[in-house]
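Chain IDs A, B, C and D follow the sequence of writing; residue 1 opens each chain.
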Amino acid sequence: MQIGMIGLGRMGANIVRRLMKKGGHQAVVYDISDQAVAAIAAEGASGAIDLQDFVRKLEKPRAIWIMLPAGAITESTIATIAGLLDKDDVIIDGGNTFWQDDIRRARTLRDKGIYYVDVGTSGGVWGLERGYCMMIGGDKAVVDRLDPIFASLAPGRGGIPGTPSRDGRDPRVEQGYLHTGPVGSGHFVKMVHNGIEYGLMQAFAEGFDILKNANTNALPEHHRFKLDLADIAEVWRRGSVISSWLLDLTASALARSETLEAYSGFVADSGEGRWTVNAAIDEAVPAEVLTAALFARFRSRQQHTFAEKILSAMREGFGGHKEPGETDPSTKGRTAS
Amino acid sequence: MQIGMIGLGRMGANIVRRLMKKGGHQAVVYDISDQAVAAIAAEGASGAIDLQDFVRKLEKPRAIWIMLPAGAITESTIATIAGLLDKDDVIIDGGNTFWQDDIRRARTLRDKGIYYVDVGTSGGVWGLERGYCMMIGGDKAVVDRLDPIFASLAPGRGGIPGTPSRDGRDPRVEQGYLHTGPVGSGHFVKMVHNGIEYGLMQAFAEGFDILKNANTNALPEHHRFKLDLADIAEVWRRGSVISSWLLDLTASALARSETLEAYSGFVADSGEGRWTVNAAIDEAVPAEVLTAALFARFRSRQQHTFAEKILSAMREGFGGHKEPGETDPSTKGRTAS
Amino acid sequence: MQIGMIGLGRMGANIVRRLMKKGGHQAVVYDISDQAVAAIAAEGASGAIDLQDFVRKLEKPRAIWIMLPAGAITESTIATIAGLLDKDDVIIDGGNTFWQDDIRRARTLRDKGIYYVDVGTSGGVWGLERGYCMMIGGDKAVVDRLDPIFASLAPGRGGIPGTPSRDGRDPRVEQGYLHTGPVGSGHFVKMVHNGIEYGLMQAFAEGFDILKNANTNALPEHHRFKLDLADIAEVWRRGSVISSWLLDLTASALARSETLEAYSGFVADSGEGRWTVNAAIDEAVPAEVLTAALFARFRSRQQHTFAEKILSAMREGFGGHKEPGETDPSTKGRTAS
Amino acid sequence: MQIGMIGLGRMGANIVRRLMKKGGHQAVVYDISDQAVAAIAAEGASGAIDLQDFVRKLEKPRAIWIMLPAGAITESTIATIAGLLDKDDVIIDGGNTFWQDDIRRARTLRDKGIYYVDVGTSGGVWGLERGYCMMIGGDKAVVDRLDPIFASLAPGRGGIPGTPSRDGRDPRVEQGYLHTGPVGSGHFVKMVHNGIEYGLMQAFAEGFDILKNANTNALPEHHRFKLDLADIAEVWRRGSVISSWLLDLTASALARSETLEAYSGFVADSGEGRWTVNAAIDEAVPAEVLTAALFARFRSRQQHTFAEKILSAMREGFGGHKEPGETDPSTKGRTAS
């Protein structure tokens, strides 16, 4: 079928490529960058020079996938494009949008007869090759209409063994895409997916940190090990309980450089981790691990927190303790007082 | 080659089976249960009636694998068997022993010329079929001597793709076993493995808890979703960033029953999680996620903590707040005061 | 001066009493309960039979203090009363309102020339006697106009020693009330106050839990102590670094009963703790302790979380581990596997 | 009575001073620094030139208070002095010793008829003036013998109101010292005291961090407040639920400088926080807040953790995300991807 794509960054461009190559679909594409449009047009897509042109080139009912950074730019693009569309067209937001924004937008668009579908898309830079795992929120009728698109983007069964006890369940799920429920639910599920991702990443990160710091002079001899982190990551990939794609990636990075000196350790976060914790709080669900993972990222981006200065000030207040200063970290800051 | 196995529980028996079937090794086996011995003997092993008999049946230099619950029983068994062994024999502790116990034991055995090797073994009940991921601490010479054993137990390369940038590294690692370093290092690495395992499990657990509780009456309409947890777990197995064996297991469990009503939620811990946190503290490594995962298990085993009663007492003290009581949890305990 | 009070619960009634007794102020009072009105009227206030009567009895420019549970009832009361007021009147919200609600309301009221002041009020059931600590947000002119009210409600200097280096600063702060800034800032500061309160409470609670559980049979002898918690709390009140009002309250509760058997340990939360964590997330401030304190309350209100069932299901999945069941907690759930 | 003091640092010297001034006791003092000895001798103590001289100057049964940094120096000093003492003498360790070291030492000394008493001492640099809060472990007979010492050091009732329901309890507790139980219990209770202290400090620190960061450009207008932290700390000292000595100290520090620019935020820890978490783990007590407070200190002493580099490496691995770099922290590291 035909799809329109707005936003030809890493994700958007690869989605178009996969749709054309894997599914034989036709794509009309638009991006604020003419170069980005030209590049994909050279691969077989129909490039649009502006949104009017883009809309004109699409057959009704139109299917338009928006793949832009979540937030203001997605919001304004949807507002603009909605003014150009007709009844029964569908807008698909494939970015990392806050699910309550989906619900609000869908309500507005519904008045004009335009459908809205939110697709949480996982797969990162590997999606072109491996396919995208998709969590899809929206009305059943329109999600079904888009099924050829989702089927082409999804990874498919591949070599992954089936799960027992799934007889009678929707087989599309085993292709790697799922209609999660009404509008908003796709991004809600993707949000929690990313919240979990933060927790998994932090668990691995802490474990490797403990392995690395076992080789510290300040430790007693019976606690000191000089371990080969790259080999450890590799061996865990084989038959261990913690084997996972994130471990595969860690093993790759450590094989390239065991000290990871290419990275400073300044870790961004992208919204979903925060919204996941907010959702947990609204639901009164204790989510210690997901929250700790988020806070570790916050902390990674500061040299010192004001909180830490408050601690130092208190310590001086009651104990006359002077800060040890930014001394050799191998002393680990243990003091006798 | 020939191996002696003491301890024919789920793990020990399956290790013997895999050694005989996969590697064509001979096994001499002993267990405090005659029945357990008879069962494995019926599959081809040589059963021993007591430890003397066991030692007698093994060719020198002997290789003896102990697969018993970590703690007192492993300790006393090693003490007893050591008295029956000769110079150059090797004792392998494949259980979940505390790494500092390994170091102490090895020191004692070294005086008698007996080798000690600690093997952290991951793979659980699936090891017989999938193979065991092994982290091995001990002297290089004796670890090399035992290589045929480890090679047979390990999962092998299987269908798992190789990691780039590993040229020139020990190829055995890609079979799923690793000589981690001196005595103690095998169990140290396995300990951190399990610490990470706790963190990963808790990350998934919290995420699914948030998904489940999105379907709570007390929530505003725009936050309420009735989600199919089994389908969500399944779809995440396909191309998502968080795909992993633990997710596979979760998908299986949820496919059997989405409410998990077979489980009460009383979660044991096995030592490694605790030791991992202790190691982190000794190394001054912040390990928020691994610790939170451990504490969640502690909390799961109590109806209420004393800490919570202290909170209630304080709240009454300053605010006159009465405990809301074990009321409908759907109210979520939010109060206006 | 004259003040109107809507809401004669524990807090509202005591505020009126303190204003009349301590400051010689006149009060017009209203509550949905005639009895509550009659009781305070008997102590010297002027009781109103409805909101129209209430407004009529107040001299212009009116000063009306709303002391109702935060949320819908406060919201609708303010909407109703606003319709009855005149330019230059002031509405004071003394409850635990979400600070963004203050900002929204103030904007609406400003169009009518009505002032809005938000007062975070701490002091609980002890405020009548000890006075109330107040954090006040609003325009400077109207906050100054209300100064006689705040001065009477505040605790005053009392026996609390002054803080060095405060020369030249606003002396009213040392009376126990503070103009924190524009509308919303009073409740924002009070919110963080309560967030800190949760953290402090949880720190004490965990400490006493550790002291109590030192007397557990499963522990080795060198870790077992039978400690007198009431005496420990008492001694810490005297010269220790952690002396505080919350400790005083804990000492009282433990002196009454060291087992706190009157409490189940079901701990409510009141909104501010949640909003504090939300604010921390919006600011990218790591707030581990305040969040852990909040989550401990969430957990206290459930018998088991779904997360814990997920953990049990995974453990069975990879290790065949059966749940130990709700057995004797003194075994502490340690397992050998 | 007469007491010997070894160790004339800040704590030891002030304890001697308070004993002489407040209780009229005689003191024999020793320190490795001649100057420290001379200084206290000038104030009335009897200075010793070496340990032999020190022991000779003390009347039997001798009472010797050791006030040295916990660890090796305390250990070796006790070993040396024990060789010079006689039956019925008592060694008091007033430092921050690990409680299991107390138990081990007391067992050794008991064979020689020498008593051992462990005294957890809180009060910091303020103890000389305010008195010391003491938690005392040891045999009842010898603790009673030392009562005049403890009574002089303790703060006494002072202006602190009594706790209701304490009729019939040991009145010495209200003076600020407590016989907590057998050897080790004094330092165990002091350890938990310090664990709580860490938690309280961190709760305040996070709260003030949230207040400070409310004034960040990146926040939406309705979340931005420029707050006076010094005034807020001060007002909370008056009648609020969180009033405490630690808050008093914070108010002092902020009154001196609201930015705390004298502090870098590098925060030491002293052992008790770590042991408290270890004890919690051994007891299977969830202690989230105390642990988070400890980890925050660990983190404060590193520029970046290895864990954070692992996170960055993973993020690049799955998403191609480049580290944003050590950019303007006001952007808060939020990314759209």
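Here are some notes:
Going forward, contacts are C-beta pairs under 8 Å (C-beta built on N, C-alpha and C of every residue); 3 or more make two chains touch, one makes a residue touch a chain.
Chain-to-protein mapping (UniProt): A, B, C, D = 6-phosphogluconate dehydrogenase (Decarboxylating).
Fair warning: this is a prediction, and the values are worked out from it, not measured in the lab.
Distances between chain centres, each the mean of the C-alpha atoms, put C farthest from chain B.
Between chain A and chain C the centroid-to-centroid distance comes to 38 Å (mean Cα coordinates, whole Å).
Averaged C-alpha coordinates put the centre of chain A at 30 Å from the centre of chain B. Across the assembly, chain A contributes residues 124, 202, 204, 206, 209, 213, 241, 245-246, 252, 282, 284-288, 292, 295-296, 298-299, 301, 305, 307, 318, 332-334 that each touch 2 or more other chains. With chains as nodes and touching pairs as edges, the resulting graph is complete, every pair of chains being joined. Touching chain B in their complex are the following residues of chain C: 10, 69-71, 95-96, 124-126, 201-202, 204-206, 208-209, 212-213, 245-246, 249-250, 252-254, 260, 262-271, 288, 292, 296-321, 323-326, 329, 332-337. The touching residues of chain D, counted against chain C in their complex, run 100, 103, 122-124, 126-127, 130-135, 154-161, 163-166, 169-170, 173-178, 180-182, 184-185, 188-189, 192-193, 195-200, 202-204, 206-207, 209-211, 213-214, 216, 219, 222-223, 225-228, 230-232, 234-248, 251-252, 255-256, 276, 279-280, 282-290, 292-293, 295-296, 332-334.
Residue ranges on chain B touching chain D, taken from their complex, read 241, 274, 277-278, 281-282, 284-288, 291-292, 294-296, 298-299, 301, 305, 307, 318.
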